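Presented sequentially are two complexes of chain A, the first with chain B as partner and the second with chain C.
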Partner chain A sequence: MMELEQSCSVLREFGSEQSLLSRPDGSSTFVQGDTSILAGVYGPAEVKVSKEIYDRATVEVLIQPKMGLPSVRERAREQCVRETCEAALLLTLHPRSSLTVILQVVHDDGSLLSCCLNAACMALMDAGLPMSLLFCGVTCAISKEGQIITDPSAQQEKESRALLTFAIDSVERSVLMSSTSGSFSVHELQQCIAVSQKASQQIFQFYRDSVKRRYSKIQ
Partner chain B sequence: MRDTPLSNCEKLFLLKAIEEKKRLDGRQTYDYRNIKITFGTDYGCCIVELGKTRVLCQVTCELVPPKDSRPTEGIVFFNLELSPMASPAFEPNRQSELLVLLNRQLERCLRNSKCIDTESLCVVSGEKVWQIRVDVHVLNHDGNLMDAASIAAISALSHFRRPDVAIQGRDVTVFSPEERDPIPLSIYHMPICVSFAFFLQGSYLLVDPCEREERVKDGLLVIAMNKHQEICSIQSSGGIMLLKDQVLRCSKIASVKVSEITQLINKALENDKKIRKEGGKFGFAESMPKERITTLKRDEAPVEMTDVKETANDIVTRTETSTEAYLIAYSMGTWGIASFRTDSD
Partner chain C sequence: MDTVHARFKEKIGEVLLPGDVFSFRLPEDGEGDANIKTEKIICGPGLRRNGEEVQVCKSGILRHKQPNLYWIDSQQRRYVPAKGESVIGIVIAKSGDIFKVDVGGSEQASLSYLAFEGEEVQVCKSGILRHKQPNLYWIDSQQRRYVPAKGESVIGIVIAKSGDIFKVDVGGSEQASLSYLAFEGATKRNRPNVQVGDLVYSQFTIANKDMEPELVCIDSCGRANGMGVFGAEGLLFKVSLGLVRRLLAPQSEIVKDLEKIFPFELVVGMNGRVWVKAKTVQQTLIVANLLETCENMTSQQRQTLFRRVAEGSL
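Up next, the complex of A and B:
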C-alpha cells in the first residue's frame, strides 16, 4: 500500500472570459496558470443526415492544436470531452440537431485536458444549452517521490510517474470521465479522486461567481 | 452547418447606406476598425483582433534538410486554417475557395516579397537548415480575414526567436533557451495587406469591410505594402473593372494605413520586450481585461487535503470488504430461507 505524502498542492491561478467571440452561439476562454484554451459552441443547429440521431442531439467536439494538423492525440482528447458533454447535456430536448464544441489550444503549459473540459463547460453555459449538471476537469500528477500535485505545469507533468485527469460533476461530485497514463496503485487512484473532488469545489464556486458577476447588472 | 443566407432587404439596405456614405458601425469610408495585438508567453505567438475578427498565429522552427534546388536557403512554410469556430459555414478539413485564396495571398505577401532573410536560416549548407512554420488560425470571422492574417503573421514572425546554434565542422549543437538567449529572425521589412471592397460596379469603395459588407461587395482589391511605400503584391478579384486612377488612389490610401499599422505593431513589440526585460507578467493570461463583467480571475489557492487519506482508505476497504459481506449475507439468506422453510414445515 503506497502512502502518499500530504502535500500542500495548489490550483494555479485561473480566469475565464465569456462571450468574447461574436459568431459562435457561446464562447469562452479558460486560463489555468499559463495554459489557455478558447472554446466556441454552435447549437442546436442543422446536422448532416449521415450523422443525425432520431431522438437526441449529436454532440461533436473538435480540438485544434496550435501547430500542425490534428492527430490521434487530439482525437483521443475529443472523445473524452465528448463523452462528458453527452453525460451533462439534455440531448433529448433537441433531436436531429447538432451541438458542436470547438476548442482551440492557445497555449499548453500542462493540465490541457482539464482546461479543455472547463472551457467547454463555460462555453456551453454561455450558449445557454440545457444541462442536467455542470462538470469540471481536474488533473493530478503523481511525482516520482509519491506526492500528489494538482493542476501540474508542463514541467511537473514531464517529471511525474503518472498523470490522471478526472471530470467531476457538480451535483454528486461523482466521476464522469477519467483519463490516466502511467502506473499507480488503487490507493493512489482513490486519493487522487478524493483530491480532485475537493479541488472541484473551488472550480464550481468559480463558475457560480462568474455567472453571478455576469448577471449582476440585470435588475 | 450552414450560414444564415443574406436576405434581399438586408442587401438593399447595406447598398443604399453605402450610396449615402454610411457604414453599419458608423465608420468613415477609409477608417480601419480597432486593432489590438497581444503576444503570448512563448516567442512567436500572437493574437490579433481587428474589430471583432480574431486571428491567432504561432511560429515554430525545426532543423530539416534543405530543398535540392536551394541548398543554402532556409524554408518558410505558411498554413492558414479557418477554424470551424470562426463561422458556422467553415467545416473542418474542407478545401474551400476562400481558404485557398487566403493561403495563396498570405504566401504571396510574405514569401514572394522576400521579407524574411532565408539565407540567414542556413546552418550547414546542403544538410541542415531551419524550417520556419507559420500557422495562422482564424478564430472569429467578422470580415477582412486577409488583413488580420497578414498583421498576425508579420507580428508573430517579428516576435519569434529561434534557438542559437554552434557549428563545429559538421557537428551542430542546438542550445536550449536556458543555455543561450534565442535569436530573432532577420526581417527586412513588414508587408501588410490592405483590403478595399468595391460596390455598385466599382463606384463606391470601402476600406476594411466587415462581414456584412463583404457579402454584398462586387469586387475586392488587396494591396500588400510596406512602410517604405513599396508594393509587395496586388490582387484584384470579383471581375470588376477598375480604372487606373482608382488603383493609384487605393495605393495612396494603403500607404497611409500601412504606416499606421506598422507603428502599432512596433509599439506592441516594444511593450512586450519591455515587460519581458523587467520581469513582469506577460502572456495571454495577463492581457485578459479585468474590468469587464464577462471576465473573472481567481488567484492561486491551495487544495484542502486534510482527510483525503482517510476517505481513500475508507473507499478501498469498503470495496474490499463488501464482496465478503455479500457472500455472508447470501449464505445467511439461504440459511434463513432454509430455516424459514423448516419452520413453516
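Up next, the complex of A and C:
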C-alpha cells in the first residue's frame, strides 16, 4: 500500500492535435513527453475479397518505425493496438469494409505502445467511426527497487526490471489489453493496474476537453 | 403509511436506475405489520414488488399519480445518458435492426441512428448533440468519409460499364451501381450517353450496410429533376461533410455571400463532392478555394474574406 501512495500516477506532459492531415478520413498526433506518434485512419473503405468478413469490418493497423522497415516488434505492437480497436469500434455497422489505422513513430522516448493507443483513439474519433467506448494506453515501469513509475521515459524503461502497458476503457475503467515484459509479482501487477486506471482519468478528461474545444469553434 | 410514501416522494421526478430499491421494512414497533397492510402501492412499469421491497428494474424517472400509483418513465422524452453530455456521440444498436429510431437523413456524419440497447442510449460518435422537437436527437460531427444512405443525392464518377449497369464511385467503401434504364427517357433501344469518367448527379435507392448501393437518375415520377450527367467544364473537389450540409441548408449564408462576388454554377453532392463552374477558369478556382477555406472559419471571418476578394477581383 505504501508503494501505491508514493507512485502517484504522474504522467508526463501530453498534447494532441486532430485533423492535421488532408488525405486520411481522420488523423491525429499524440505527444507524451518526448514520445510523439502520428496516426491516420481510413475507413470505411474497400477491402480485398480475401480479407473481407461478411458481417463485420476488417481492422488493419500498421505501425511504421522511425528508422528501417517494420519488423516483428512492430507486428506485435500492431496486434495489441488492433485488438483494442476491435473491442472499441462497432464493427457490425460496416460489414465487408476495412478500417485502417496507420501509426508513424515520430520520436520514441519511452511508453511507445501507450502513445500509439492514445493517438489511435483520437484519430478514430476524428474520423467519426462509431465506437462504443474510448480507450487509452498507460505504461508502468517497475524499477529494481520495486517502485512503480507511470509513463516512463526511455532511460527509465532501460533501468526497470519490468514494463507493463495497459489499455483502459472509458466506461468501466476495465483493462482491454495488456502487454508486459520482465518479471513482477501478482501483487505488483494489481498495483500497476490500479495506478493505470487512476491515470487514465486524466487522459479521458483530456480527450473530452480537446473535442469540446474543437467543436466550440463551429458552434 | 406516510413514511413509505415519503420515501417515494423524495424520489419523484428523479432518475432511478435498475438496482435501486425502496424498502418497506419499518422499524420494529408494534405498528409495523398494521402499516404495511393498509398501504397499497400500485407499481407501474419499471417497478417490481419483491416481498417487502420495491425494486427498480428500468432506468428512467419516477412518476406518481394520485393516490398511490408509481412508475418509471423510460420513454425517450427524458434522455438518460450513460456517460457524457454533448460531446461523445450516439450508439447504433449492435444488431442494427431492432429499435431504430430513425433520425431522418441517416448519413452517419450528420445524423446518427439512435437505438435503444435495453433502456440506455449510448453515444458512439463525438460531436455536438442536436435536438428537434418533439423527440428527435442526433449528433453533428465533422466527418470526411461518406457512408451511403438511402435518399441522398450525390455526385458520382463513372468508373466502368459492365453489361446493363454503370459502376459509379461515390466515395464510400464500395462502388455503387447505376442502371442504364435509370435515366429520363432511356429505353433498351435508346441508351443514355454516359461515358467512363463522366460526372453524374444521382440519388440512392438502395444503401444499407449489407448490400451494394444502387443509384438512379430519375425520381419516382420518371423525371430527371436535375439529375443526370453534367460537368462538361468546371472543377470537382472534395470538402468535409459538415460543410456540405451547411451549403445545402435552405437559407445558406455561405452561398448567399458567395453569390455576391460573381455568378457561378454550383452542384453539391452529399458525399462531400462539390462542382463549380464560373465564367473564367480564374473565377472558378477562386470560388473553389473560398469554399475549401471557409470550412474552419466563423461567419465573421468568412464575410471579411469574401469582401476582400470581391474588392480585389473587381
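Definition applied: the second predicted complex is superposed on the first by the 212 of 219 C-alpha atoms of A that agree within 3 Å, B and C clash if a C-alpha of one lies under 4 Å from a C-alpha of the other, contacts with A are read in each partner's own complex, and residues count from 1 in each chain.
Heads up, the rule we're going with is that a residue touches a chain if its C-beta (ideal position, glycine included) is under 8 Å from a C-beta of that chain, and two chains touch if they have at least 3 such contacts.
Bear in mind the structure is a predicted one, so any value in this text is a computation, not a measurement.
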For this session: Report the partner of chain A that touches more of its residues: chain B or chain C.
Result: B
Exercise. If you stack the two complexes on chain A, which partner ends up touching A:L134: first (chain B), second (chain C), both, or neither?
Worked result: second
Exercise. Of the partners chain B and chain C, which touch A:V195 in the superposed model: first, second, both, neither?
Worked result: first
Exercise. Is A:K217 in contact with chain B, with chain C, with both, or with neither (first, second, both, neither)?
Worked result: both
Problem set entry | First (chain B), second (chain C), both or neither touched by A:A76 | neither
Exercise. Does chain B (first) or chain C (second) touch A:H187, or do both, or does neither?
Worked result: first
Problem set entry | First, second, both or neither for A:E46, with chain B first and chain C second | both
Exercise. With the two structures laid over each other on chain A, which partner does A:S97 touch: chain B (first), chain C (second), both, or neither?
Worked result: second
Exercise. Do chain B and chain C land on any of the same chain A residues, and which?
Worked result: 19, 42, 45-46, 98, 217
For this session: Under the touch definition given earlier, write down the residues of chain C that touch chain A in their complex.
Result: 82-84, 87-89, 91-92, 94-96, 108-109, 112, 122, 124-128, 141-145, 147, 172-174, 209-210, 242, 296, 298
Exercise. So in the complex, which bits of chain A are touching chain C?
Worked result: 19, 25-26, 42-47, 90, 92-98, 125, 127-132, 134, 170-171, 208, 211-212, 215, 217-219
Exercise. Which positions of chain B touch chain A when the two form their complex?
Worked result: 1-2, 40-42, 45, 47, 52, 54, 56, 58, 60, 81, 83-88, 92, 133, 135, 137, 139-142, 283-285, 288-289, 292-306, 308-309, 311-313, 315-316
Seminar exercise, completed: Seen from chain A, its contact residues with chain B in the complex are 3-4, 6-24, 27, 29, 31, 33-34, 36, 38, 40, 42, 45-46, 62, 64, 66-68, 98, 100, 102, 104, 106-107, 109, 148, 150, 186-187, 190-191, 193-195, 198-199, 202, 206, 209-210, 213-214, 216-217
